[in-house]
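Some notes on the structure that comes next.
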Amino acid sequence: MMDRDQLISFRRDLHAHAEPGFLEYRTAGRIEAALAGLPVTIRSGSQVQDLSGVVNYPDPATRDHWAQLAIAGGADPERTAYFVRHGTALVAEIAGNRPGPVWAIRTDIDALPIREADDDRHGPARDGYHSTTGAMHACGHDCHATIGVGLLHRLSDQDFPGTLRVFFQPAEEGVRGAQTMIDAGVLEGVDRMLGVHVAGGKPTSAIVGSVVGGMATRKLAVTFRGVAAHASGSPQDGRNALLAAASASLSIMSLPRFSGTDTRLNVGTLHAGDNVNIVPALAEMTCEARATDDEVIEDLTARVLQVIAGTADAYRVEQQAVITGRAVTISPDEALVDKIIAAAGQLDGVPEIQRHSPQGGSDDVNLMIRGVQAAGGQGAYINVGANSPAPHHNPYFSPDENVIFTAVDLLESVLRNG
Amino acid sequence: MMDRDQLISFRRDLHAHAEPGFLEYRTAGRIEAALAGLPVTIRSGSQVQDLSGVVNYPDPATRDHWAQLAIAGGADPERTAYFVRHGTALVAEIAGNRPGPVWAIRTDIDALPIREADDDRHGPARDGYHSTTGAMHACGHDCHATIGVGLLHRLSDQDFPGTLRVFFQPAEEGVRGAQTMIDAGVLEGVDRMLGVHVAGGKPTSAIVGSVVGGMATRKLAVTFRGVAAHASGSPQDGRNALLAAASASLSIMSLPRFSGTDTRLNVGTLHAGDNVNIVPALAEMTCEARATDDEVIEDLTARVLQVIAGTADAYRVEQQAVITGRAVTISPDEALVDKIIAAAGQLDGVPEIQRHSPQGGSDDVNLMIRGVQAAGGQGAYINVGANSPAPHHNPYFSPDENVIFTAVDLLESVLRNG
Amino acid sequence: MMDRDQLISFRRDLHAHAEPGFLEYRTAGRIEAALAGLPVTIRSGSQVQDLSGVVNYPDPATRDHWAQLAIAGGADPERTAYFVRHGTALVAEIAGNRPGPVWAIRTDIDALPIREADDDRHGPARDGYHSTTGAMHACGHDCHATIGVGLLHRLSDQDFPGTLRVFFQPAEEGVRGAQTMIDAGVLEGVDRMLGVHVAGGKPTSAIVGSVVGGMATRKLAVTFRGVAAHASGSPQDGRNALLAAASASLSIMSLPRFSGTDTRLNVGTLHAGDNVNIVPALAEMTCEARATDDEVIEDLTARVLQVIAGTADAYRVEQQAVITGRAVTISPDEALVDKIIAAAGQLDGVPEIQRHSPQGGSDDVNLMIRGVQAAGGQGAYINVGANSPAPHHNPYFSPDENVIFTAVDLLESVLRNG
Amino acid sequence: MMDRDQLISFRRDLHAHAEPGFLEYRTAGRIEAALAGLPVTIRSGSQVQDLSGVVNYPDPATRDHWAQLAIAGGADPERTAYFVRHGTALVAEIAGNRPGPVWAIRTDIDALPIREADDDRHGPARDGYHSTTGAMHACGHDCHATIGVGLLHRLSDQDFPGTLRVFFQPAEEGVRGAQTMIDAGVLEGVDRMLGVHVAGGKPTSAIVGSVVGGMATRKLAVTFRGVAAHASGSPQDGRNALLAAASASLSIMSLPRFSGTDTRLNVGTLHAGDNVNIVPALAEMTCEARATDDEVIEDLTARVLQVIAGTADAYRVEQQAVITGRAVTISPDEALVDKIIAAAGQLDGVPEIQRHSPQGGSDDVNLMIRGVQAAGGQGAYINVGANSPAPHHNPYFSPDENVIFTAVDLLESVLRNG
């Protein structure tokens, strides 16, 4: 069984080699290795991940780049090639020694495309484990993966009722990975679905029984295709994709507020045109809609799509808009929250216990929870405080590593008590 | 035969009672009266004007307003009622005493919706004949009507070859009236079609054989219909016609320049919304496109219509766009220009003769010229200098009245010489 | 003392002669008359209303129009002239026969610029008292004025502790009138400030102790002034006010949502341009911002103003933006709400009592409540259900008149109990 | 003296190793080498090029990339390092054996950032000299450089009156390089300034005495800097650079047409934002204005800059707009055109001689011609037909190499005749 120091080393190793969504080659390999010898069944790649519905999957050059980085970082070339071919999701299952429910816990494993701070103000830099890959674990998924690994070690005595599946999920950022695991059937038979997330803004080891609400979201990748033309010689022959995207951006952002529902809209990126003197023929845009209501998000997304289609028409350009990520709101089962709160009450060193806390952003584990609930099961999404000096998604984000052990303790207690 | 003083009085009377397009009730009556006793056949109203294709024809209240003004200004109530019912176009035809071609001359009779200057800097105000109707002859159509009347008097001896038709055309402003007369068949049998226009920017009595080029144009009236909603209580239930119109305005104005063709675009008016706290359900817009090429104007107009349709779609509102006016470019027949130049050369007091001059704006007599040319006839569009202290369409526009007699002299000479 | 039938007649008379904000000439006269003979001190016009800060006050022609309508509707010409000169606000004060707090109740008296339904589906039309003035009491202010009058009659025995002031407030729509009364000092000495409003969407006589929250708002009137130019002859000489307004409209509507605060934005009206072929030199726009937070509304309004200024600059036009109305949120005093709830509990025929209900829109009585609270007093804003078949601000709005008596009963009880 | 085959080889070598503006390291070295042994003085780098005013000069990584490519392509590492440090401009001067004027001929040497066609439809690909650098001589500057070299060889007998300077100019694309050479004083003492350009759309060896008109232009690089924020967590803390750029793009493109002057506007590129769920903090945009009038281009550029400044203000973001390239119109000296036409008339194999032809786009040699004219000298800009199967700036552009020799013959004749 990995001890505290080993888990911290494990987490720091993942941290130093942070990998973005769908490219967690080295990370997946390390998790497999860390579970070696445990009474655990590991399924991986296409067994637990259906990539056929993924839009904008990393292209071969990008995959190759991260595979080389992984190998340079010590990853096994053969396993790396396997993950490149089949995907990086893992499901580790351990059976308890007596009957009981099937639990699943989602721990996500991907990092963000953020360059990590490397100066002395930043703990990981001072201690020499900051990432140099160009990606950064600025949302604590390195801790999450370590929690999953730690919990499996802790329960390796199999002294608990039922079964535990840990979902090591790729590509939570962009809310893309959960659906690929759902599509591969990982929810089958699951009775209780848990998410767990570190909360940088809460005191270390503070516990939230479940986040609630949150924002349903859709992420869109949009392409406008026009016709290039010399901007001086024959501007009338051009069909201006840049202007279409500019106009669509303004129109999307001016969609109405919804009375009674909190909504968000963002055009996050826009890249258009090749040359100052050419009518731009191509514009690529990403945008997102959010709503605190699962019906409103459908309505709002439909409006965004209609803006895109109508504007393309107005500018006589072609458009394609695809949904690259989605999440729903969360409404946990209170019976399950009861168990979590009860377990939390038995832990030492927990400064604060909250039954509910609003879910700040969007998370695709909600899709898993919703899926299990739809099949008659229960779900909840635990938060554990980690007291980071900087907010999530910031180059100075750095959770207190004690969060890992509080989370493992809590989950162990929940599982042991069934 | 009306003498010089009578013609000047006639023009000043029209000037003082200026009437806008399709509402020239008093003007038409005065012209009829001025031709009484001449060997002239007058056709009027629906005989020479098909109003069925007119969009945005003045509504009953407006017609009633101008009819009452006309009668208050001395118009015969019965004739006024006739013009209200049947239209204000007149065609006066006089036959020469020997065979020859059928000539037509277009003289337009409508005024602009401009309030005329009434201070002492302005000649008509000093001399007491400025308009107080709210409309103003700021483009010289009062002179044109007088030229038509004067020419018919001058040729009342019938000593010329062929036949002369004078078209007293309503609603040239907005390029709306010519088509109504064409649709009624007034061009039938015409061999030679002439336009004549005073040129405020040229020295008095300077003569241009024909303007050339000009700008083809389309005027559009656009309506966007959405759904009103309380802007605070349920903004999501609204469909915002104001925003659709705003976005369409920007997109129209950003349509490309055309290499090799001079183009223009204008969104001239926009009226939207009822109340600060209601999502605007209605927006009304007028816009125009122009081009120095008769194919490009079709292309450009199609693009404007596509912007309107696509933008309405983007904003989920209904739209209707109708063409309310149109004009084409002009390419005169040089054989006919030869005759005009020759006649001009014989006149006294002509400071300057130009064969061609670019047509500054858009004029729907071009449709008549184009129609006659299409049937094998000839056309040209004479300009005569009038040395106005202020430009056309300005509240201080005031042509030198000598322009009337130079124009009559010139046309008489052209007609007498066949 | 006016009885039930008299009060209903009084309300229907106001209803039939609905008058918009600042133009309540006949209404004010009727209220004065209805209070004649009571032991009430009436202050009116400039005694209780400082109009010096009002932007876009009705112009002389409009004032004249409504004065004539008032007189035609039976108003006293002299009193009408007085209200035209000095304003239409009234404060009626009655002293109780023993010491106690100074109460103020705001009842607003203006109507909306909505044409009232006149078909048989509409009660007031069936009963012959629908408005034909072009304005409509579609928000129940006719009932409010009647409640004020009824309450003064009810308390004319002066058997209550303290003093009661009823504020008959003009121009609540557009949140414009309350400030004018505050500026004239009407809040001086007030200890307890109450608003009262009919709630068309609640069962008749249901009582809400106080609305809470609501939306702070600012209404803006914006003018863009550019330079006209012939759209074909010299478009480059124009400075396009219409485009500036169109661009500003889109930019205003695309201002960000605020996390944690509900906001609203609306560009309600836009009027620009004179003629299809002139570069538009003038654009007039009204817009509003709202927020459920009194600091955010300042921030949001500043952003709207910055969009207007920056966009005007971008288009090289002049701009002027003035705030024409404002309201704040409401946070009632619970001690006062206790009294209201207690009084409500003693009434018969009250189907439902709620302590709080969210304030749907914006109301400038909040400024009065805020003012009294700032001086150490208390405030609350009562709602009474009126079960209208159509929503507020709709041509078919029609409150159950029983609401008047429930409100009078409730207020009487509150006042009598001190 | 290089013979025809050597010149063709020289041109094809440049073609195969095409280098973009300011990065013509190998090209400059090859030109130097090709002039070795001639009685020619060569000045290079900072002697003839002042780079201090250049905006957006290639960054060190880009310079390094092209330097390595140059060396890999056989360039001398030392000379390459020299050009990297000092610039790639060359001026080769040869003195005639008798007194006469100082002539200067501009031949530009840079390629475009276009990937050249590599299939069999394309001559250079069939013959194995298509570029594989990622840049392409798609505007014939490889021919121009060869013309300059060929002419210096031809005149190496020094049997001509006066002096000849050939300006091998970098970075004509983007109209950036001419100014750097002017700033270094290369025009000093020049009496007659010639440009020469291949004309892919004209029959091989057809000669135009001088292009005329053309479009003055300004190229701009614009940066909008806002503030990033989580698009869901705190959108109100963001300042949206993407929206500012989108709005500015629409406003720039909707700037008015100019009556009497042909204008162009283009927003060529726009790159904004990092992530779909972040309020975009940075937007980079390139745009250009053009006009057939050197005063209007100043006016139009000022309007573009004002749109950018005003829009940035409206969106509360910072902006920086720098002019990265400029060109003026051309008005050649007819005495000089006379000489060219006379020389053309003496050549064999010239299918067509035109005195003037409109300059299609923008070229910064006009700045040199204007500079020489301003100092009392003369200028003209020769075109020679090259019959390309595809237009300029197209991946299949391919001039008939005979154009090189016609141009050399023509220029030799002009120079020999003084």
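Each chain carries a letter (A, B, C and D) given by its place in the written order, and its residues are counted from 1.
To be clear about the criterion, a residue touches a chain if its C-beta (ideal position, glycine included) is under 8 Å from a C-beta of that chain, and two chains touch if they have at least 3 such contacts.
Worth saying up front: this structure is predicted, and the values here are computed from it rather than measured.
Colleague: Return the chain whose centre of C-alpha atoms lies at maximal distance from the corresponding centre of chain C.
Modeller: Following the centroid criterion, the farthest chain would be D.
Colleague: Looking only at C-beta pairs in contact, point me to the busier pair out of B-D and A-D.
Modeller: By the number of C-beta pairs in contact, the winner is A-D.
Colleague: Rounded to the nearest whole Å, what is the centre-to-centre distance of chain A and chain D, using the mean of the C-alpha atoms as each centre?
Modeller: The mean C-alpha positions of chain A and chain D differ by 49 Å.
Colleague: Just curious, how far off is chain B from chain A if you go by their C-alpha centres, in Å?
Modeller: Distance between chain centres, rounded to whole Å: 67 Å.
Colleague: Could you list the positions in chain B whose residues touch two or more of the other chains?
Modeller: Each of 232-233, 235, 240, 243, 247, 250-251, 253-254, 257, 264, 279 in chain B touches at least two other chains.
Colleague: Mind listing the chain A positions that touch chain B in their complex?
Modeller: Residues 232-236, 238, 240, 243, 247-248, 250-251, 254, 256-259, 279, 296, 299, 303, 306-316.
Colleague: Would you pull the chain A residues touching chain D in the complex into a rising list?
Modeller: 113, 174, 215, 217, 219, 230-233, 235, 240, 242-243, 245-247, 249-250, 253, 264, 266-280, 283, 286-288, 290, 360-362, 393
Colleague: Which chain C residues qualify as touching chain A in the complex?
Modeller: Chain C residues touching chain A: 250-251, 253-254, 257, 262-265.
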